[in-house]
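Multiple structures follow.
Here chain A shows up in two complexes: once beside chain B, once beside chain C.
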Partner chain A sequence: MDKILRINMGGKGGPQVTETPVGEYEGLGGRAMTSAVVLREVPADCHPLGADNKLVIAPGMLSGTLGAQTGRISVGCKSPLTGGIKEANSGGQAAQVLARLGYAAIILEGKPAGDSCYKVIINKDGVTVTEDITLAGLGNYAVVEKVKAEFGDKVATISIGPAGEMKLGAASVAFSDPEMRPTRHAGRGGVGAVMGSKGVKLIVLDDEGMSRRQAKDPEAFKDANKRFVAGLNSHPVTSQGLPLFGTNVLVNVVNEAGGFPTNNFKTGRFENASKISGETMAEQTTARGGVVTRGCHKGCVIRCSGDYIGPDGKWLTKQVEYETVWAHGANCGIDDLDIIAQLDRMDDDLGLDTIEMGNAIAVAMDAGVADFGDGPAALKLLEEVGKGTPLGRIIGSGAGTVGRVFSVENVPVVKNQALPAYDPRAVQGIGVTYATSPQGADHTAGYAVATNLMKVGGDVDPLKPEGNAELSRNLQIATASIDASGMCLFIAFAILDQPETFQALLDMINAFYGYSWTGDDWGAYGTAILKNEREFNTKAGFTKNDDRLPAFFKKMPLAPHNVTFQVTDEELDSVFDF
Partner chain B sequence: MDKILRINMGGKGGPQVTETPVGEYEGLGGRAMTSAVVLREVPADCHPLGADNKLVIAPGMLSGTLGAQTGRISVGCKSPLTGGIKEANSGGQAAQVLARLGYAAIILEGKPAGDSCYKVIINKDGVTVTEDITLAGLGNYAVVEKVKAEFGDKVATISIGPAGEMKLGAASVAFSDPEMRPTRHAGRGGVGAVMGSKGVKLIVLDDEGMSRRQAKDPEAFKDANKRFVAGLNSHPVTSQGLPLFGTNVLVNVVNEAGGFPTNNFKTGRFENASKISGETMAEQTTARGGVVTRGCHKGCVIRCSGDYIGPDGKWLTKQVEYETVWAHGANCGIDDLDIIAQLDRMDDDLGLDTIEMGNAIAVAMDAGVADFGDGPAALKLLEEVGKGTPLGRIIGSGAGTVGRVFSVENVPVVKNQALPAYDPRAVQGIGVTYATSPQGADHTAGYAVATNLMKVGGDVDPLKPEGNAELSRNLQIATASIDASGMCLFIAFAILDQPETFQALLDMINAFYGYSWTGDDWGAYGTAILKNEREFNTKAGFTKNDDRLPAFFKKMPLAPHNVTFQVTDEELDSVFDF
Partner chain C sequence: MPKNAHDNQNPGGLFPCLRLSLSRKHFSAFFPLLQSGCLVQCPKPLSVEAFLLSLPGFPGATILDGIQTVFLDGRPVDDIKAATLEPDCELALSAAMPGALGAVMRRGGYYAAMRGHITFQEQEHETIQGAFCVTVKLFNLLLSQVGPSLLEHGIVLGSEELAGLANSFESGISRLEWKGQDIAPGEFSSLLESLPNRVRAQLVFKV
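For the complex of A and B:
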């Protein structure tokens, strides 16, 4: 990981490939890399779909090593959805493969003159960029099938679906998983639209002939990793809840807590939650002959994913994640798991963020475009997105645009990015993260749900404002570091609760890089990332007014607790007062 | 004008009408009134379509008097299009009638629970508010015909079309003209959507039995008005250009100057400009038996309007204004006056801002939704708006939304409001106004075109940055005062060039109110309005980053002068440095 690959898609005579030493970006992985490059190289006032924006794809600090959980990858740019900086994080195979190929980042720059459809092949022999119009308009599943036919099933893919080609605000970048299916996505903020604007449909990564990255102190690294894995295997969330039921184990937890947004954030409990819970889905998967425990990338020991088997007994999509079950389920009043799974499959194939899509459809339902609870109507709306009809383009542009076009008053977005699956009135800590994260509304930016509801890393009352600003601040800092490490965010459960597991993580970094980081250094690394992101957003025109929830969360009480969002503006402004 | 009429549409048991003394708003007319009420009474963070927004309709300081040109009216609110403060100004009959009825403002407040369609009748006996579902969905022309049948043709109407009922971002508020046709509009910023959100379809104003407002010193007022009219009658623009050819006299002027934006701001000259010029339109109108010189309100002595007679010899719409001929014509590559006139008629009937619509269609053409120059396609797009189809709602939400949904890079908007008919690269003074006006891109907020191209009030080079920030600042201040006076903006030509005409205007105000204003007081009045508007926008989250033109105006040179917008950010920020 000592070089950066730059592909200028606006080069005279076609795409120009250059490789440069990592230089000023030395030591930066994942989100630390993407946010540094975007801040330094992208003009804050540029159009997100213009030649001046850059798409930065960066594996984590420890990706490509034998370390557990190190297969996460960051995709950064100026977001077409928020107009601010964006880092969207994904699992899949690419992080490990890209790191072994020696790249600390791929940066797509410039813009081709007209519409075009390029594929990029990267292997031990170098980089080729070629136009391939046979890929144009294909879904991610068809793209990966073509790659398999040409390159076999040991390579990793990065691709966009039709939504990215259409440059829609909710378009994702897809990463192939260990079974070589395009099920892992850098979903949020329209990163797929930026890849589409560069005219790049597909990147194939082949690390045949390359080796694992080696630590400065291989024995110490191996030992630290062993202790780290032991920590993950001893925490109940990472060793039992997530592997057995997937992330969707949260349906019952959050619904019970009264923070499960239903029918476009109208109530905090969904009466049919049990029909779409993780327990129900796991039982159904086993009954239909599927596997309930798989990793999203090789090297994962938590393995919170699995199969979703359709009613016909065939594999339909990956085990549907909690956020998706909520977005396409409860938030649209839909209680049919098979329909939710079909929507998930379509999102993955078209290349769309499931959270944004579920919210967009729910806001459209609020406008009367369809009825809450009408699953077939939701499927039809996603089909419209795929066809690129006007209605489909509205939906594919995200919840904020749906609200604007259909004149809906209560639209759950911050910085124009739709809220995830926890109502900020009943889980006030996550509300602080939604409001203040430089990313827009994003649960993964500082997952206060862990402390508010699961009492991981402490106990802060979810229904009251006290302590939630500080909680969110600390989690946002820790998360930025995790997103840079290449580690999966779920390690947070173990490192927050178990000091020895956090120490093992520091030992891994120190052994690999020859550092002598303490917990403070880890925190400073995260703080620096957030400062970069805030600086970009300030240049792009964001102010504290952008660090606010929509007014209805402060005015309309949420059942069953009949609570409004109580954290004051001053407390929100204190989050980044560092 | 000593009372304010408040109608709370969200009252328990139905709309509640209250009349209060003008009180703290004493002495404020037009834009001074609307902006003061919006700043003081509307929470800056409210949703523009929610119960907390207010729609303020205010005649000018001198409306309802015998003074010339005093029939302008202001409509203010938090704008659904820009998210900032809005004052949209219109001619028509309402200002004079409302002022004679004694109201300094009508304020629509609150919001009915469901969809509803109310009409408000105001006459010498008082105010009635009644539900009338027979009005629902009607175009403005049909609404006015119903009013004529019930109340005769001496009343004045304020109404919204289907676009306002749909609460679209480009929806206007229509005012009936002296011939009792709904041809005058408070067009910009979606004020019609706010009226629609209040459930008010129609306001009928009947001043039978009421008298003209009387000046404190009637003789001095009469004398000042005489001198003022003489000034208008002696300036070449207000006595010849505007009456003879209408505002559309500008086509040849601006096209010759290379600042006539063509095909979504791609070039500064339209090759078929002569086919749509004011001279051509006037000749055609005369040949078809129409009148080329009419006023938009009784008491107008400039009379820049007239008839547009269709190819069948029948009255089709009012003489189409320059901004509309440009927006639906050159900016869409359309050179057929009869099609442009049909688009104007449809905008008036549906209740839409012609500037926003022309830009929205042009951006859609840029996205490939239709071809530049395809008039029938433009007509069809407006029909879609009327039907409320998804495509229609996109278009009706304005150019910014079209750009977002169709992923267009070069979208000519400031604060999400579309640019009027002068390219800021070739007319840099108006570019400063577009960028910095609290209203979003608005030529009427500080019409630097007059000085840049017509050398009225001085001579500042349109192609260079020097002097244009100062020019725009001075014009924005003077304009705010004009917009408060109830006077038509076109008096600016005479008062800028002829000191004695400016003095006559001051004398009118002084004689009417018993003031002793100097030119400095006039300026201070305008400055106070702008400060109110800036304060609201700051509270709503606007920063200097919002006072910028889209980046492409700074990067892409405009033919034929091959010039970019050169005014620096620092100069833009200096405009409101007071």
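For the complex of A and C:
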């Protein structure tokens, strides 16, 4: 990973490809890379869909190595949804393959003159960019089928669906999984729209003939990785709960806590939660002959994904994740797993963020466009998005747009990005992260529950009332570090509970790069990422008033606990007192 | 005023007992019921921990450590030795969960402050006499780890509810006892028709 690939899609005479040494971005991976490039190279006042914006795709620091869990990839740009900086993170095969090809980042720049449709092929022999109009308008599944026909099933793909081509605010970037299906997505913030604005429909990555990245101290790296894997395999969350039930294991628990937003955040309990729970889905998958445990990329040992088999006994989509089950399920009042799975499949094919779409449909239901609980109506609304009808484009532009168009008062967005699946009135500490993350409302922004080990920001007394701001800050810092490493955020549980597993992670980085990082250095790395992101947003015009939840969370009590969001604006403003 | 069992529709603390021995392969038929909540008899006010340890065949400390997420009436519990079951309460049990949310909800966890305003707080109790019923929900790993003990302890079912479930396990009945008397398993269907409104069904699973 010693070079950066730049493709200027607005070059004279067509796309221009250049490769440059990694230079000033040395040592940066994943989110650290994307956010640094966006801050330094993208004018904060540019139009997100204009020539001045850049789309940065970066594997993590440890991607392409033999390290476990290192297959995450970051996609960054100025977001067309939020107007601020964006890093959307995904699994899939691309991180490992891109890293083995030697690229620390692909940066798509400029803008083609017309509505062209390009594909980019990257292999050991170099890079080609060609116009391929036959790809235009295809869903991600059809795109990948064409790739398989031409290149076989050992390559990795990065693609957009029709939503990206239409440059919709909820458009995602799709990454192929180990079974070569376009099921993994950098979903949030409309990154697919930016790829669409560059005229790039597809990137094919072929690492045949390339070898794994080698650590500076291979034996120490191998030993640290072994200890790290042992830690993951011995922790009940990463070795049992996630593999057996997937991320959707959270439904029953969040519902029980009264924090499961239902019918556009009207209540915290969904009556039929057990019908859509991870436990129920796992039972159903087994009964229908599916596999309940798969990894989203090679080298994953947690394997929290799996199959979703339709009622006809055929593979329909990947095991539907918690956020999707919530967004298209409880938040729309829908308790039919088969309909939720169909919506997930459509999102993946059209190239849409499931969280944004679930919220957009729920807000539309709140406006009376359809009834809560009406699954067929939800499917029809997604079809409208695929067709690009005026209503479909409104829905595909996200919950904020739907709320404005239909004059809905209670629209759950921060920085115009829809809230994920935990009601901030029930779990106020997570609400602090929703409000203050530079990314907009994002549950993964404060996910790395290991801050007590990292000691980022010093020791915190979590029992003091004002601890929420401090905890949120430290969670966000720790998460930024993990997002940069290329590691899956689910490692957080093992490193929270097992100091030796956290040490093994540090040892992996140190052995690979020849560093001598401690937990403090790891924290400082994450802090630098957040500072970059905050700086970009400030330049883009964001103020502390953007670090707020919608007012209804402070006014409307949430059943069953009848609580409102009580964290003060002053506490929110203290989160980034670096 | 002392609260007694009659307040909880549980006269005398006992329902007539139906004991079924079932093939283990039928255990998963009870997962939906265990997730959505079973009515369970509690002999007297007990802490969550004492209640669990009182269940027949409860695997003990190892499993207790694994019960990392506990709710009483929807409120996350930090101390299972102190939180006490009362008539009509709802107890939900889960293993440690993923996500920031999972860490936040963990009992006694580092991030408990992030849900401090909904955390279960032990209150002073009225004097409670006699047995009463509580609702118990089991999630994820605990379905298979705690489910067998809870079902052997017995769950209170309406006769119609039991009849609704019967199709999914009837073929696996190897032994049937009603009020302490052995009955031929083949008589289960006719027994169902004569059951009172509510029974305590004790379900024992055999490999």
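Keep in mind that, in the parts below, the second predicted complex is superposed on the first by the 559 of 578 C-alpha atoms of A that agree within 3 Å, B and C clash if a C-alpha of one lies under 4 Å from a C-alpha of the other, contacts with A are read in each partner's own complex, and residues count from 1 in each chain.
The definition used in the following text is that contacts are C-beta pairs under 8 Å (C-beta built on N, C-alpha and C of every residue); 3 or more make two chains touch, one makes a residue touch a chain.
This is a predicted model, so every value here is computed, not measured.
Residue contacts after overlaying the shared chain place A:Pro390 against chain B, while chain C stays out of touching range.
When the two structures are aligned on the shared chain, A:Ser90 is found in touch with neither chain B nor chain C. Of the two partners chain B and chain C, more chain A residues are in touch with C. Look at A:Asn545: by the touch rule set out above, it reaches chain B but stays clear of chain C.
In the superposition on chain A, A:Asn53 makes contact with neither chain B nor chain C. After overlaying the two complexes on the shared chain, residue contacts for A:His561 are found with chain C alone; chain B is out of touch. Contacts of chain A with chain B, set against its contacts with chain C after fitting on chain A, share not one residue. Here chain B touches chain A in the complex through residues 43, 45-47, 49-50, 80, 166-169, 193, 197, 389-391, 393-394, 397, 401, 404-407, 409-410, 540-541, 543, 545-546, 548, 550-552, going by the rule given at the top.
For chain A in complex with chain C, the residues that touch the partner chain are 236-237, 240-242, 244-245, 247, 249-250, 252-254, 256-259, 269, 274, 277-280, 283, 304, 322, 422, 426-430, 433, 443, 446-447, 449, 452, 462-465, 467-468, 471-472, 475, 490, 492-493, 496, 560-561, 563, 566. On the chain C side of its complex with chain A, the touching residues are 28, 31-32, 35-36, 66, 69, 71, 74-76, 92, 94-105, 110-118, 137, 139-141, 143.
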